[in-house]
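Please see the structure below; I have some questions.
Labels A, B, C and D are assigned to the chains in the order they are written; within every chain, residues are numbered from 1.
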Amino acid sequence: MTKVASLEKALSFITDECVLMYGGFGGVGNPPTIINGILEKGVKDLILIGNDAGFPEIGIGKIVSRERAKKLITTHIGSNPIAGKLMVEGKLEVEFCPQGILAERIRAGGAGLGGILSDIGIGSVIEKGKQKVLVGGREFLIETPLQADVAIVHAKKADTYGNLIYDKSARNTNPIVATAGKITIAEAEEIVEVGELDPESIITPGIYVDFIVQSKGVDWKWAWE
Amino acid sequence: MGMGVDIRNHIARRAAKEIKDGMIVNLGIGIPSLVSNYLTPDIRVMFHSENGILGMGESPEKGEEDAMLCNAGGFPVTILPGASYFDSSTAFGMIRGGHLDITILGGLEVSEKGDLANWVIPGKRVPGIGGGMELAEKAKKVIVLMSHVNKNGEPKILKECTLPLTAKNCVDLIITDMAVMEVTESGLILKEVMEPYTVEDVVKSTGAPLTIRMEGNEFD
Amino acid sequence: MGMGVDIRNHIARRAAKEIKDGMIVNLGIGIPSLVSNYLTPDIRVMFHSENGILGMGESPEKGEEDAMLCNAGGFPVTILPGASYFDSSTAFGMIRGGHLDITILGGLEVSEKGDLANWVIPGKRVPGIGGGMELAEKAKKVIVLMSHVNKNGEPKILKECTLPLTAKNCVDLIITDMAVMEVTESGLILKEVMEPYTVEDVVKSTGAPLTIRMEGNEFD
Amino acid sequence: MTKVASLEKALSFITDECVLMYGGFGGVGNPPTIINGILEKGVKDLILIGNDAGFPEIGIGKIVSRERAKKLITTHIGSNPIAGKLMVEGKLEVEFCPQGILAERIRAGGAGLGGILSDIGIGSVIEKGKQKVLVGGREFLIETPLQADVAIVHAKKADTYGNLIYDKSARNTNPIVATAGKITIAEAEEIVEVGELDPESIITPGIYVDFIVQSKGVDWKWAWE
C-alpha cells in the first residue's frame, strides 16, 4: 500500500499540455527533483498554476525560462525577467491574480467549493472577465476554483501513506496545492514508515497524495547568492 | 528611485516611529524592508510575511542562511520566539481578516484621497499584482514610503493618480525624503518637513493641496 | 428500527465485503458503525471522521478511553499508524473534494433512482442535517444499510421517496435484512436475497420494480 | 505583552445577547471553564454559533439546556433533546446548516471572504432564503460568512502570545472558530512561555487570540459514560 514511486513513474503523469500546479513561493518550496525531471523528459506546452515564476534558474523558473509553458496563472513574475520577456513576445500567456485570492482559489479547488466571493480588486483590472454578485448590499467578485491534472509539492518528510510535513517557510503554498491535483505528487527530502510521524504534526494528510518521490535535494543557488 | 542610501535609511527610521509595542506589521520590499533595522529594543513586534511566517527576526549572518526559511521576497530571514509557520492561504486570511496593524509599502503615486498606485507603469512590463492589493485594502494602517518626486522632478503625490490603482482610499500616512503627510477625509495634512527642506519646498513639490499642521504648531 | 442485534450484525457483515484494501471509508451512526468489526485483517482501510480524523482504529478497552479522542458521534475511538488530525473544514474538504471511496449510511427511504431520505421525519423533531448531505452527495460510492420495511411492514424502498431528501441520485447499493440491491440508471437490480427470505418475499416488500440478476444467475 | 487573563476578565466580554461562537464537536473540545463561567455569571439571550448542541449536561449543551440562548446556528441538535424541545416550544430559534458548510462559513468569516459558493443541498430545504448564482452553467448557493462578537475555544497548550496547539480530535472546529471572533478567548489546559512551542507545531497562530484563560479541566461525564 506504499505510495513511494520512481521519478520516472511520477513523471509519466506529467505530459504535454497538462495543467500542472506547483507548490512554492519565490523558488522556496518548489520541488527541484520533479522540476528537473520535467525538463529532462522534455515536456512542453504546460499550463502552470502557482504563486510566482521563481527566478530564471531557480525552481519553477527553469521551466518558464526554457519555454516549456504556454500559459501561467500566477500572482507576479517580477523575480523572473525571462517570464516577462516571453509574455511581451506573446510566447507565454499570463493570467494575474491577487496573491491571497490565488491561494483561496486553489484551496477552493481542493475543497470542492464552487468558488469564493472576494472584494479584493473591486474597481481594478482584477475585475476583468469576472462575474459579480451583490450580497447584503455589497459587491463581490466571484473567484472560481482552480484544479490541476497534476499537482507537485515539496515536503520535508513523507511517510509511505503520503502524510506530509514541511520545512519552515518552505511550507508556503504546498499544503493547499497538495489538495488541488487530480493526481498529487510529493517530493520529500526524507521518506519514513507509516507510524513514524506524529499524527498531530502532519500538515497534509496522505489522503491527498498519490505518489511520493525521493528528493535529490535542493540543487540551485538561492536568490540571495 | 535614485535616492541615496542615507535618505532611504532616514525615511525608514522615521517610519519605524509609527510602530508601537505589540503590533503586527508587514513590510513591503524596497525601503519598507529597512524599517525593522530602526526599532528600539522596547518595541516587540510580530513581523508577518505573506508566504506564511508570523514572527520574523533579523537577517541571518552570512553563512547561516537556511534555504527553507525566507521572506516573501525569497531572501533569508530568522524567526523570534513565539513565531509560527502556516500556509499562504492562512497568511492572507490574516490580512483580509483585519489582523495586520500596519503595512508599510512602497509607492509610485498617492492621491490626496489616499489612493495608491504601486504595481504597474504603463508601457513597462507588468510584473503582476502579488499581495499588494490585499495589504493595501485590508491592513488597519497603510504607510507609504517613497521619494517625494519622480526622476523628472514631478510630484508623485497628486490630486488623482494617473497610474492604475492598487487600491482606493487606503493610505493613511506618506513618508518621503521631504515630508511626512497624513491622509484625512479633508485632504492631506503636512505634519513634518525633513531637513534640509522648507514648507515651501514641500508645497511646490506636491501635486495636491496641503493643510499645514506641524508638530506643536497650527498653520492653515 | 426494531431489528435484532443478529440481523444488524448480519447486514454490517455483508456491507464489510464492499470495502477493499486501501480504501478511505466513512461510517455513519447506527448499523454502519458496526461494519468495521467485520473487516478481515488483509483489508487495511483508513476510516475518516467528520470531526477531523483519518485513520481511526477500534474502540478502546473500557477504562482506556481518551476524552480528547472521539468520533463524530462523540464516542471514544483509537487511531492506527498513519493517522492524522485536522480541523473540521479540512475533514469536509476531503469529502467535497471527492476523496472518500465509500460512505455507509443509514436510511429512512431510498428511491429506485437512488434518492436518499435519512434526516427528518415530518411531525417529529428536526434533529438537523449534520454531515449527511455532503457524504451522500460527494462520496464516490454510497451504501445504505436499513431495514427493508418500516415498523408497519411498509416498504422503505420506493419509486419516489415521500420524506424530505438528503440527496438525489446518490445511493449506489442498498443492503437490508432481506436483500442486496444495486441502484442503476435503469432501476434497481436485486443481487442477493438474505436467509430465510425468497425472491418473492423481497419483491412483495419493495415499493419499486426489481430487476433480478442474482450472483451467477440471470433472471429478468 | 502576555494575553493571559483571569476568567472574570475574559467573561467581561461575554454579555447578554452577544453573538458567541464556540469550538468543539459533540461536546469534545468545548471550553468547559468558560462555559461554566458563562452559566455562573448569568449571561442570557445568547446567539450561539457552533457545530452542535452538545449533550444536555456536556459542554455547550449546558448553556442550551439552561435556556441561556435565544438562537442557535448549527448543524444538528440530535444529541441534546432539550434543544429540540425548546425549539418546538418556540423558546430557541434554530438555523440548520450542512456541517461542512457551517465550517466553511466560519472559516470565510475569519478569512475575510464575502462568502463561498456551495452545491450542497441544492434542491433541498437548505436553499431556503439563500441567493443562487449560475457559474459556468452550474447552479450554486451563496453561503455567507459567519463571525462572532466573541469566539471561545479549547486548546491543549497556549503560549502567552496565544499560539495554540490542540489535543487529538478535540481540535475539530476550534482552529476555524478561533479565527472568526472579534474577540477570541482560548481556554488552555496548559500555558507556557513564548518560545516553548515548536513553531512548526502551532495550529492557531497567536494573531487570532486575544485572551488566554487557564482551564480547570474537563469537569463532566462523557457521552459514553
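Quick notes on this structure:
Methods note: contacts are C-beta pairs under 8 Å (C-beta built on N, C-alpha and C of every residue); 3 or more make two chains touch, one makes a residue touch a chain.
This is a predicted model, so every value here is computed, not measured.
Between the contact lists of chain C and chain D, the overlap consists of A. Touch-path distance (fewest steps) from chain B to chain C is 2. For chain C, the chain whose average C-alpha position is most distant is B. Averaged C-alpha coordinates give centres for chain A and chain C that are 36 Å from one another.
Here the spacing of chain A and chain D, counted between their Cα centres, is 32 Å.
In terms of their C-alpha centroids, the spacing between chain A and chain B amounts to 29 Å. Multi-chain contact residues of chain B (touching two or more other chains): 79, 85-86, 89, 92-93, 95-96. Each of the following residues of chain D touches two or more other chains: 104, 107, 111, 113, 119, 166, 168, 199-200.
According to the touch criterion at the top of this document, the contacting chain pairs are A-B, A-C, A-D, B-D, C-D.
Taken together, the chain D residues at the contact with chain B in this complex read 1, 107, 110-113, 159, 161, 163, 179, 194-195, 199-200, 202, 205-208. Taken in their complex, chain D has these residues touching chain A: 104, 108, 111, 113-119, 131, 133, 135-136, 138, 140, 142, 144, 165-166, 168, 199-201. Those residues of chain C that touch chain D in the shared complex are 49-53, 65-77, 79, 85-89, 91-93, 95-96, 125-131, 133-134, 137, 164-168. Across the interface of their complex, chain C is touched by residues 25-29, 51-52, 55, 74-79, 81, 84-85, 87-88, 94, 96-101, 103-104, 106-107, 119-121, 123-126, 156, 166-176, 203, 218, 222-224 of chain D.
The touching residues of chain C, when paired with chain A in their complex, are 21-22, 24, 44, 46, 48, 54-55, 79, 81-86, 89-90, 92-99, 138.
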